[in-house]
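In the two complexes that follow, chain A is the common piece, with chain B as its partner first and chain C second.
And then the complex of A and B:
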């Protein structure tokens, strides 16, 4: 800690150089970003503790928030010796608080995570304030030469710190997405009908046997398959020609129709539930797969048409003209040239239709009230009635139902990405 | 007989734009005709009407004497090379070449044996053997261009259409392909209609050039004839680099006057009277040495406004009585006369040369 020996008055001899004026150690800049973020996470944790009614946890977290904020405030502005001292005191207190906090309670994985949002920032602050260039800078001991060295060091260090912060953030995002899946998998392989409890503490396939062994599940699956595949087929048969026509032909009402398609997307499906029901009832399509196929195809159609139109727009007209000169008629042009080039878009549209139908709940619940006509989502819902909820079976069935979706996504991943970046595809 | 006749062919778009205004033009059998003009002049429209990609508003088009207005594009016996090449990206080069042959029906049916023979022929002719099993995107621009030409020729079209086929190539490749196109034409003698805005392509490729402006045919003649005897001031200004000097004014009694500038007309124009546009090509402008001789009536005193050294030539921008005159001098002549013509220098030129012209419009 050579920096302490210098006197800050030594700098007053000349004006500070450009490097001196600009130099803030990368660690300090990082802390200035991370500390408020850590405080924010602690606020969320505080909310969690409040929901759990955990008074000790609340007061502990509240203390953590205050400490992190104090630390943040102390690190602002120019390097001053008292700031450094104050910061180090705050950081030490925070560290001790964080270390002691878990001692008087059972710690779960969650608690460990929560407390790490105090301990890690405080520990990093204390460490950085005490060592190396940043320590010297905080002590107000840096001169022009040190500032230049520091700037060069920042260039190397800053990207690493940024990457670290980014990865912490991304890991949390991933955990947020994966957690429910882990949870449902845990429920599905836990024996008995337990919700919650420790993760992966026991293993049993009884729920899977129960679900896959029952007749009802297979009946629902076949219903769902018929409806989803039917919707896909009907949807494509309607959306492909419609998208092509919107893309290539000028006709009366073209703009209006495109606009109405967009407009329909604005309304939540529940608005058309009652009219749909009346139509289905009149046509005698309640409790049939055809009824659902019609309803789903129509619901998914606007988006499919828009997606396909966008893709067809990207197929150069010159290609079609070349095919015309090569002796194709309009229909042949479409099948030999346009369609093969648009397969990624067709794949994404098919997948979209399939998933819409596979996952839809509300219409299926209202239209198909007979047990034989249930689709999977409705069937699954029927497993958790007001009494006698079969959580384990339900979880196992959910996983089985998700498998086709996951498989489809993996299979079509390439096409999906291509399809979504439709505009960038060159002819 | 596979000559092409445009007879009063007119194209009016829905918004009222007249893209092509009653074009009368005949492309003779075996001829290489270039449609030349600035963008928006209707040259591409003429080609697309002939190809059947757009409907004819009025008039008709005949190929080999029979009206084709209402024939679908594929039935007109045409091959077309597109500016973007328009190769089918999902097919190999071989499949691209064979695609049109496979579509043949009725009389035009081609059996599989014949298809492969013709594809081989085309590959031979255009040196495409190495690429036959590649997809177009794996090929360079020049190679794609060859495939596009091959695809147009493999159907043995009565008429070959090309829409700015060289404009996507770099300058060096363009020069080579230009030469090859001419060579191909000489080998096959296919009637060819070629659209371009590039006068160099037009001059070098064409048996005959048809110059269009604003949907109207301005002149159709041999390229050199169009260069030396342009039908009007548009053709005069469009052909040639640097462009022809055009001075708007009036002729009277053997003297041409434009604002403050006035000079004697050459003998062959001395009889002209009334308003007109005096035209003389920069290379025809005679640059005279200062002080030498008493001067002839056609002399004009100018001030050098700028000089462009192009290596082989030097272009002088001269100001005379409010008019700008471009004069071009070969390098050898430059050296002989010793003067460089610095900007600001006074210089004398003679415009009354035998190649000078007067246009009425």
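And then the complex of A and C:
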């Protein structure tokens, strides 16, 4: 802004006026952010065209990138008037180039999306550069008064434009997140094992009948339920007292024990998998629920202890002290005061261990070599080996398995995330 | 089970070799074939046959027929099992005890297809199978018939000359493995943990901390569980790293010094797999942090419409069981999958080393993003809104707000979370295993193009059965991770929080 004083002489030919220096329409500011972003997206699209081996598409996209960048450069603050004129020309050319896209790409949903990353920025630019206050700015016709009005207008408009940009960004993220979900639903209700093609073009419940009517799925489900419920129970029995002790008592070895609980989380299952496997094999615990329950309750233990410690910390000590004064002993205080108060927290921890056991794959893969002992993750993965891939059945089973888990997760997301970050991130 | 053919078995072949098909069936491609029974390898209800043959294009598989009396026609016998001939490079060697009939081809455990049926490579010149389900103490007649691609036999099925074998291993269960050493070690671990706790309790008593009398009892179950199931396996694993433990030696492994480590460092692809593991972990963390931060900042904007809906949807990759979403991406990325369908191409992304690596990284970025997003969201919500209001009044641009206000304030979260993310990605197994199993294949015993240290150790242990080597790998990974964890814990100042 220090340059303002020097430019106060007025409208020298080709130089921006004071008003222009001070005032940039919100649309133009938005374009300055969006255009490089659009160019970046077009670079990704260029990669897609390279994958396709489509030379016309590659040159077309490259042209789009050049045009969007030129437009961006032409819209810079210190732009001379001729560059503003050039910006209109670039926008027009970009729009025409985009409109002619059937010449350089196919007409499919993907192509329409790709070309919209040229047409929409170019179209918006041309529209804003030709009309309203931003058009006047572009023509170099905005005077001090227009700038004053414009600044007020900017305050209203800028958040809206920003929100628009955010929504575009978030919607793309949503599309990427939802794509596999839509795909699974589509595969599960399509007859046969078709992986691509049009979405929701046929309907059949054959895969659901095949999965739910077969024995294997229910066997795996009951295995998973036994293992997950057993893990939850054993895990909580181990974790609750430990979490409580860490939260309430100062004792010799506390520091070391908590450090160990923290450290254990850092190590992958694989490094103890071989000895684990050999111990389980020697004890004859392969292909049993007990083997998995024991293994899972211990792997989930450190995080459960940390979660519970965090939750117990939040229970006021004054209540316990009051109960002690009233003649309860320590054990009674724990069972009748602390535990009921932290029941929601215990439930969250239980949910966490349940989900961990329900979704675990590696240990279940190694410990369960017989089809009868498979848990759901291993069972579902066994539907898709190198040959004979039952994608439709897999998709149907996945939906049945995921729905309860996703509902539970979404319902309790806040507490789950809070608890988990208490154990891992906060330290 | 040993992958190598026992030497004793060679000398003990008793049945005469016989010519089966060739001229009799009038198929010129079907070559001579020799079937023999390996009596030295007989086991409970098992007869092991050895088949040597000349590979021929016409042979698409073998049928094994058997009966408890002599037979000439397959009509008088029962089909025991079939073996396919197919390209085995896409398949894997079966885990031990997955299947009943243990088979070998050219001295190595045979490949299996999806249904568990054995598959031999077209180049193989022999295979052998331990046929199960044979009645002990009686003679069994066994014949092998090569079949063509259409399933039609390439030999005359009316004039078969079966070989005779028998298994005399008595009808009793094999004795269970000796559990005493394991139980002894486990009780030792439990006792020493209890002793440690008692010692600590005494120390407390000496210092007069009577209020915390119960604490050690509360902590005891968790600590004992941790000691028996985490510390003990770690130390057992360290011991295994210096032994020759493998599938055939369970419980009677012997000390072989540093040989396993020598095997690792002499093996091909050691540095490649290590490098890829770091590339994998670093690129994932970088993308997770950058995109997670971008999404968190976007969601943190005041007055954003539909924030809860966005948040919930963007959490989906975390909420859906990981193995399901990875397998879904696997399906979408197949040559006939959704991604190729949208692009109008038929690219096999899992074929080339470069594209396969790219794909596993991208899918893992998708998978891990919500965690980072939520962590940063939480951290952003803790920042005072007034800070941004002041900046707004002063006309600080959004980007400058982010750079000079948000980023410095997030540093306390950013650094530990990145380290934790690095450790987690380093340790992750499911994404790679379920997408590529480490393929593209680089050679037997060698890490595949997309193998990380973790998936490679899995393959060494449970596909090649080399427990000792896998344990040695685990020790090396353990040492690496101690370094990372030390950095992490130092950064989070966990110890201060504990104290």
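Here is the rule we go by: the second predicted complex is superposed on the first by the 380 of 427 C-alpha atoms of A that agree within 3 Å, B and C clash if a C-alpha of one lies under 4 Å from a C-alpha of the other, contacts with A are read in each partner's own complex, and residues count from 1 in each chain.
Going forward, a residue touches a chain if its C-beta (ideal position, glycine included) is under 8 Å from a C-beta of that chain, and two chains touch if they have at least 3 such contacts.
Here the structure is a predicted model, which means the values were calculated and not measured.
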Inset, instruction - Give one of first, second, both or neither to describe whether A:319 is in contact with chain B, with chain C, with both, or with none. - result: first
Inset, instruction - Mind working out whether A:341 is in touch with chain B, chain C, both or neither, as first, second, both or neither? - result: first
Legend entry - Touch count on chain A, higher of chain B and chain C: C
Inset, instruction - Applying the touch criterion given at the start, work out whether A:308 contacts chain B, chain C, both or neither, answering first, second, both or neither. - result: neither
Inset, instruction - Name the contact category of A:276: first (chain B only), second (chain C only), both, or neither. - result: second
Inset, instruction - Check the residue A:327 against both partner chains and state whether it touches chain B (first), chain C (second), both, or neither. - result: first
Legend entry - chain B and chain C footprints on chain A, overlapping residues: 426-427
Legend entry - In the complex with chain B, residue positions of chain A that touch it: 316, 318-319, 321-329, 332, 336-337, 340-341, 426-427
Legend entry - chain A-touching residues of chain B, taken from the complex the two chains share: 51-53, 72-75, 78-80, 82-84, 86-90, 99-100, 103-105, 108, 137, 151, 155
Inset, instruction - Would you tell me which residues of chain A are touching chain C in their complex? - result: 48, 51-52, 106, 108-110, 159, 162-163, 166-167, 169-170, 173-174, 176-181, 183-184, 187, 194-197, 237-239, 241-242, 244-246, 248-255, 257-264, 266-279, 281-284, 294-295, 297-298, 301-302, 305, 330-331, 358-359, 361-362, 366, 369, 377, 380-381, 384-389, 391, 394-395, 398, 401-402, 405-406, 409-410, 413, 417-418, 421, 424-427
Inset, instruction - Over in the complex, which chain C residues touch chain A? Could you list them? - result: 90-92, 95-98, 113-115, 176-179, 182-183, 196-197, 200-201, 203-204, 207, 209, 211-212, 214-219, 221-223, 225-226, 229-230, 232-234, 236-237, 240, 245, 250-251, 294-295, 298-299, 301, 303-305, 310, 312-325, 327-332, 334, 336-338, 340-345, 347, 366, 374-375, 378, 398, 413, 416-417, 420, 423, 426-430, 433-434, 454, 457-458, 461-462, 467, 470-471, 474-475, 477-478, 481, 484-485, 488-489, 492-495, 497-499
